[in-house]
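Same chain, two partners: chain A is paired with chain B first, then with chain C.
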Partner chain A sequence: MKEIIQTKSKVKISSKKKTKWKTELWCWVFLLPTLVLFAMFQGWPIVASWYYATLDWSGLTPDSTFVGMDNFINVAKDPYFWNAFKNSFIFMLGTIPFHLFLALVLAVILHKPGLKAANLFRTFIFLPVVTTTSIVGIIMVFIWGSDGSINDTLVKIGFLDQSINWLGDAKWSMFTVILVSVWKNLGVNLIYWLAGLQSIPQELYEAADVDGATGFRKFFHITVPLLIPIGTIILLLNVVNSLKAFDLIKTMTNGGPFFATDVVSTYIYRYAFTSEMGLPQLGYASAAGLFFAVTIVIIAVIQAVVTNRIKGGRNI
Partner chain B sequence: MKNFRRTIFYIVMTAFCFVWIYPFLWMVSASFKSQNEFFENGLSLIPDNFTFENILRAWNEANFEQYFVNSVVITVGTMLIVFFTTSTCGYVLGRYNFKGKKSVYLLLIASMFVPMEFAIIPIYDLIKTMGLMNTRLGVILAESGGNHIIFILLFATFFSKIPKELEEAAIMDGSGFFRTFISVMLPLSKPVIGSVMIMQFIWSWNSFLLPLILTLNAPEARPLSVGLYALRGENIVDWTGIAAGGTIAIIPIIVIFLSLQRYFVEGIAGSVKG
Partner chain C sequence: MKKKFKGIGIFLMALLILQVFAACSNSTSSEDDEKTSDSKDTEERITLRVMDWADSEKVYREQFIEDFEKRHPNIKIEYTLLTSDQFQSTITTAIKSGDAPDLFPIPPGMKLGTAVAGDWYQPLDEYLDDEFKNRFMDGVFVEGLTMQDGKTYTIPAKLDLPNTLVFYNKQLFRDAGLDPENPPKTHTEFAEAAKKITEASDGNAYGIIEGSKTIVRWKNPIVDWSALGGSGLNPHSPLSLVSNEADYTSEPVLEVMNLFQGMMEDGSYHPKTLNISAPEARALFGQGQAGFIIQGEWCIGVWQNENPELDFGVMAPPVPDSGQEGFLPRPNFQPWLGMAKTSEHPEAAALYLKEYYSKDYQSVLVKAGDRFTMLKDVNETAAEIPQFKQYYDIAMENSRLAPSVEIRNPEASVVFGNYKDPQPGLGDILQGVMAGALEDPTDQLEMLSENVNTSLEQALEAAKAEGAEVSIDDFKFSNWKPNQDYTAEDYEAVR
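Right after this comes the complex of A and B.
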C-alpha cells in the first residue's frame, strides 16, 4: 500500500516537473517576438553605433575606412556641434519650468470635484498632444510668420509697433520654438499631474480643514510633498523628451536662422541624411549621436540616483 | 459672489481654450478658403465662401491620397504587430515565474532611458540591408521595434491581477497555454487593449523621423507627416494647399481622440503611476 502511494506521488512530481518545464518554454515563446524586435531595432543599433562611429563612411557605397577615434575627436572639436549641444540644453531648460509649474497650476485648478466643465477644459488643453508634431510645426510657421496671427494680434492691441520675425530672427527663434513646444506638450504633463493629484487621499484635506488650514497651506504642506515622487518621474520624462526633440525644430526652423535653433538631433540629421555638408558622413553622425546619447543616459542615471538618495533619506 | 467668481472662471478658461486650439481652427478655416480670399483676409476664422478646391487639389494633385493610404497602412500594421508582441510579453511577465524573468524586465526597462533617436543610423542601415528601404513594410518594422515598455507594463499589471481560479478552470477544461491566453485572458483585457491600440495609433500616425529617413526618395511610401513636409519644401507659397494637407492629416486623429479619449487618458495616466 505504502509503495503504491509512493509511486503515485512520484508520477505526480514528474508530471508536474514536465508541465513546469513546458510552461517555461511557452513563456519564452511568448517573449520571443518582443525580444527579436528588441534585438534588431534597439540592441543591434546600440552596439553597431559604436562600430559605425569608428568609420569614415558615406553610406552610399559599401566602402568605408576605419578611422578609430577620429570621428569623436572631430565632433569634440567642431564649434557647431557644441552650439547644437548648448541649444539642446537651452531648449530643455526653457520648456521644463512650464511643464513642471504651469501644468501643475492648471492641474490644481482643474482638479475640483464639483467642476463639471473640468473634463472639457482638460480635453482642449490636451488636444495639441495628439496631433502630428511635424504638421503642427509647418502650420506654426504661418501663425508665427510676419503676416500671421501672432504678429497681427500683438500689433492690433498695441503691444508691438511692428511685427517681429519670430522664426527668422536669431534673437527670437529659440524663444518661439520653446513656446510652441510648451503649447504642444503641456497637456500630457497636465494629465500626469492630475493623475498625481487623484492619488492623494481626500481625508488628508478633510483633516487639514478640521485644523483650520488655508488653501495655500494645504497646497504647500499636503499637495506638494505628496506629489514629489510623481514629480521626479515627470521631470525625468521631460528631460529625456526635450533633449530628443526633432520634429518640431526640423519643420519650424530647420535649425536656423544661422544655427540659432540647431539642436543635436538636427545636427546629426544634417550630417547623416542630407547633402548640405557634402557627402553624407554616417560615421561622423554616429559619433555625434553616441556622444549625446551617453550624455542623456548619464543625466538620467544621476537624476535617478539623486532621487533615490532623497527618498532613502526621508524614510530614515 | 460665488456665482460671480465661477462665471469669471468659466469666461477666462473658455478664452484660454479658444486661444489654445486657435491654430487648428485657423488651419481648418484656411483650407476652405479660396486663394484670393486667403491673401485678402488670411486670419479670419470663417471663410466667406466655402470651397473644397484646396482639399481636392491636395488629395488629387499633391499626392495626399497616396500619403493617406500609406499612413493608414503603416499605422494599422504597426498597431497589429505591437499589440501582438506587447500582449504576449506582458502576459508571461505579469503571470508567470520563470528563469531569466528579472533580466528580461531589467533589459526592457533600462532601454527606456536610451534615446534611440541617436542610434538611428544602424536602423536605417538595417532596413536598407533587408531590402526594405522606401517601403511601407520597412517603416512598419522599424516602428514596431521601438520601445513599448509602457504597453508591456500595462498588460503585465492587468494580467497579474486576474485570479488564478479562472486559469485553473480553463486548464481543467483541457485548454493549453496558448488557448488559455487567446480565449480566456485576452478577452478580459479589453480595456488595456483599448488603451494600447489608441496610444499606438496616435504615435504611429504622428511619427516623423523614422518614416522621413526610411522613405527619403520614395513619395509613394510616405505617410502624411512626411508628405506635408515635402510639399512645403516644394511649394512654400501655397498656404491654402498646405493647410488643406494639414487638415487631411490631423482631423482623423482629432476625431479618433475625441471619441476614444477615455482610454487614451487612462493609459497615459497609468504609465506614470506605475
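Right after this comes the complex of A and C.
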C-alpha cells in the first residue's frame, strides 16, 4: 500500500515537474519575440556603443583608431559635458515634482464621482501628450517669444513692466523649457495616477466613511499608501524620460543660449552629427552617453545603499 | 441586449478578418501586376537613385527630374531630399550596407581625400568628356578639392561667394529718413542706421534680425567681417592668414563682436533674434520686420517668390571705422556631387550629371535667384533679378579668393579628417555674448585660440602617423596678400 502511495506521489511530482517545465517553456516562447527585438534594437546598440566609445571615429569613414579610455577621460575633462550633466539633472528635478504631485492632485479631482465635464478636462490635459513634441517645441518658440502671447498677456495684466526673453535669456530659458515640458507630459502622468486611483477598492472609502474619516484623512491614510507602488513606477518612468529629454530642447532652444539649456542628449547630438570644420566625433559622443549612463547607475546604487542604511538604522 | 452586442461584435470581427484577407489578396494581386509590368520593363527601365540636402532647389529639381524622365523613359529617378544631419547618418549606413545611392554629395566637413580613401566614389573621367569639363569655370576641377591623383571624383554645387553681404529694406530706410541709395559703409554708420530704423518703426520693425539658433550665422559674419578689418580669418583653415596662428582675440574680431553686442544692447536687434533659426529670420525680414539681415544670395529667390512686394537692396558689409584692412575671403569651389563606387548604372548617372550641369538647367537656378552657377557665362546671361546681379557684383568686388590648404597639399585632407573641432566655437561664443550669458568674451576667445592650436597640432601628428606628408607650413601662406586673389601661380611659388 505504501509503495503504491509512494509511486503515485512520484508520478504526481514528475507530472508536476513536467507541467512546470512546459509552463516555463511556453513563457520563454512567448517572451522570445520581445527578447529578439530587444537584442536587435536595444541590446546590440548598447554593446556597439561600448565598442564605439573606445574608438577615435567620426562615424562617416571606414578607418577608426582604438583609443581605449581616452574618450571617457576627455569627456570627464570637458567642463561643457559637466554643464550638460548638471542641466540634465536640473531639468529632471524641475519637471518631476510637477509630474508627480500636480498630476496626482488633478487626478484626485478628476476622479471624484459626479464631477461635471471630467472627461472633457481629462481630454484637454491629455491632448498635448499626443501632439508631436518637436511641433510643440516650434510652436512654443513663438508663444514664449519676446513678442509672443505669454509676454503680451503678462504685460497687459500688469504682471510685467516689460517683456522677458523667456528662451533667449540664459536666466529664464531652462525655466521655460521645464514649464513647457511639464505642460506637455502632465496628461500621461494624470492617466497613470487615474489608473492607480481606480484600482483602490471603493469599500475602503466606504468603511472610512462609516468610521467618520474626513476627506483629508482618507486621502493620506488610504489613497496615498495604496498609490505608493504605482507612484514609484511613475517616478522611475519620469526620471528616465526627463534624463533623456531631447526633442523639446532641440526645437525650443537647441541647447542655448550659450549652453544654458544644453543637456547630455543635445551635447551627444552635437558631437555625433555636427562639426563646423573637420568631421563629427561619434566615438566621443558614444563615450559621453555611456559616461552619463554609468554615472546615473552609480548615483542610483549609492542612493539605494544610503536608503537601506537609513531604513536599517530606523529598524534598530 | 448583451447577446445583441455579442452578435454585432462577432459580425464586426468576421468583417475585419475578411477585410484583412481581402487586403492581402489585393496587395498580392497588385504585387503580381507590378511584377508583370516590371518583368516587361526590366530590360529597358533602370532606377537611378540620387540623394542630397539641396532643399532650396526642391521645386526646380522636381521639374528637372520630371523632364529628365520624359526625355529618357528608360530611366526612373528616385530622388531623396534630406537635411544635412539626416544625410550624414543615412549615407554612412547606406554605404556600409552596399546600398549607396548612385549619386550623392560629400557630407559637410568631409574632404575628398577621406571619401576616396573610404571607397565612396568612382572616378568620373571615363563617363564625362572634355566638352563637359569645358563648360565650367577655371578652378572647378582642381587636385585636392574635386580631383585626386589626377582623377575627377566630384563636381561642386555652385559658385561659392561670401554669404555675409547685407540685405536692407528700402522702405524702412525711407521711413527712418535714411537714403536707400546710400547705405552705411562703416561700423558706426551701420549701428546708427539700425538704431534709427528701430526708433522710427515704433515696435513694428527693428534695425536688424538674425537666426541665432543657426550658429553658423553668427560665425560667418565674424570670420568675414573681421577679415575686412585685417584678421586674416578665412573658411578654409582654422589659422589666421595674417598671424599664421589660431588668433580669435585680434582687434578686428573684437571690433565686430563689439559692434553686434552694442547693437543688441541698444535694442536694434529684433527681439525674436535669439529664439529663431536662419530661415525664420529670413522670413521675418521678408515680411518687413527688420531693416538689415546678413545673408547669402539664396535668400533673393525666396523673397522674390514669397514676398514680391519687398523693396530691398544689397550692400557690402560695413568696414571698421578705422578703415578697411582686408577683403572678404572668397571660398574655393567645394567638392559636392559624386558617383558611388558601387553604382550599377554609371552611364545613366553620367547622363544625369551632364543634364543637371547643362546651361538649360543651371540657367533656371540662376534665373530663379537660387544660386550662382559654375558654368561659364551663365551668371551674366541668365540672372534677371536686379538684386541677384547686384549681389554678384558686390561680392566679387569686395572679396578675394582665399588660399586653400588642400589645393596646396592634397594630403592635408588627412589632417582635416583627424581635426576635432573645439567647442564652444566662434559662433557659440558670439551667441553667448548676444544672449547676455557672456559679458566679456575675451577669456572664451583665448581658450578657443589655444584649443584650435592644440587640435591642429594633434591632427597633424595623427595625419603624419597615418603616413601623410604634411606639416604646419602647409597652413602658412607667406605670399598671400589680403588685396589679391590667391592664384595657381601663388600655389606653385610656395610648393
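The criterion applied here is as follows: the second predicted complex is superposed on the first by the 252 of 316 C-alpha atoms of A that agree within 3 Å, B and C clash if a C-alpha of one lies under 4 Å from a C-alpha of the other, contacts with A are read in each partner's own complex, and residues count from 1 in each chain.
Operating definition for what follows: contacts are C-beta pairs under 8 Å (C-beta built on N, C-alpha and C of every residue); 3 or more make two chains touch, one makes a residue touch a chain.
In this text the structure is predicted, and so the values were computed from the model without any measurement.
With chain A as the common reference for superposition, the partners chain B and chain C occupy clashing space.
Contacts of A:Phe273 after superposition on the shared chain: both chain B and chain C are touched. After overlaying the two complexes on the shared chain, residue contacts for A:Val105 are found with neither chain B nor chain C. Legend: residue contacts after superposition of the two complexes on their common chain; A:Gly59 is shown touching both chain B and chain C.
After overlaying the two complexes on the shared chain, residue contacts for A:Ala260 are found with chain C alone; chain B is out of touch.
Applying the stated contact rule after C-alpha superposition, one finds that A:Ala285 touches chain B and leaves chain C untouched. Using the contact criterion defined above for the overlaid structures, shared-chain residue A:Val306 touches neither chain B nor chain C, since it reaches no partner.
Once the two complexes are overlaid on the shared chain, A:Ser163 sits against chain C while remaining clear of chain B. More chain A residues lie in contact with B than with the other chain of the pair chain B and chain C. Once the two complexes are laid over each other on the shared chain, residue contacts for A:Asp147 go to chain B and to chain C alike.
Chain C runs into chain B after superposition on chain A, and of the options 20-28, 110-118, 128-136 or 254-262 the stretch responsible is 128-136. Touched by chain B in one complex and by chain C in the other are residues 59, 141, 147, 273 of chain A.
Those residues of chain A whose C-beta lies close enough to touch chain C in the complex are 58-63, 65, 80, 141, 144-147, 163, 165, 167-170, 253-254, 256-260, 270-271, 273-281, 284. Within the complex formed with chain A, the chain C residues making contact are 85, 88-89, 91-92, 107-110, 114, 117-119, 212-213, 215-216, 219, 238, 271-276, 416-421, 423-425, 427-429, 431-432, 434-438, 459, 462.
By the touch rule above, chain B contacts chain A in their complex via residues 10, 13, 17, 20-24, 26-27, 42-43, 81, 84-86, 88-89, 91-93, 96, 98-99, 101, 104, 107-108, 111, 113-126, 141-142, 144-147, 152, 177-178, 181, 202, 205-206, 208-209, 213, 216, 224-226, 228-229, 232, 239, 242-243, 245-246, 249-250, 253-254, 257-258, 261, 264-265, 268-270, 272-273.
Residues of chain A touching chain B in their complex: 22-24, 26-28, 30-31, 33-35, 37-38, 40-42, 44-46, 48-49, 52, 59, 117, 121-128, 130-136, 138-143, 147-149, 152, 183, 188, 191-192, 194-196, 199, 230, 233-234, 237, 240, 243-244, 246-247, 250-251, 264-265, 268-269, 272-273, 282, 285-286, 289-290, 292-293, 296-297, 300-301.
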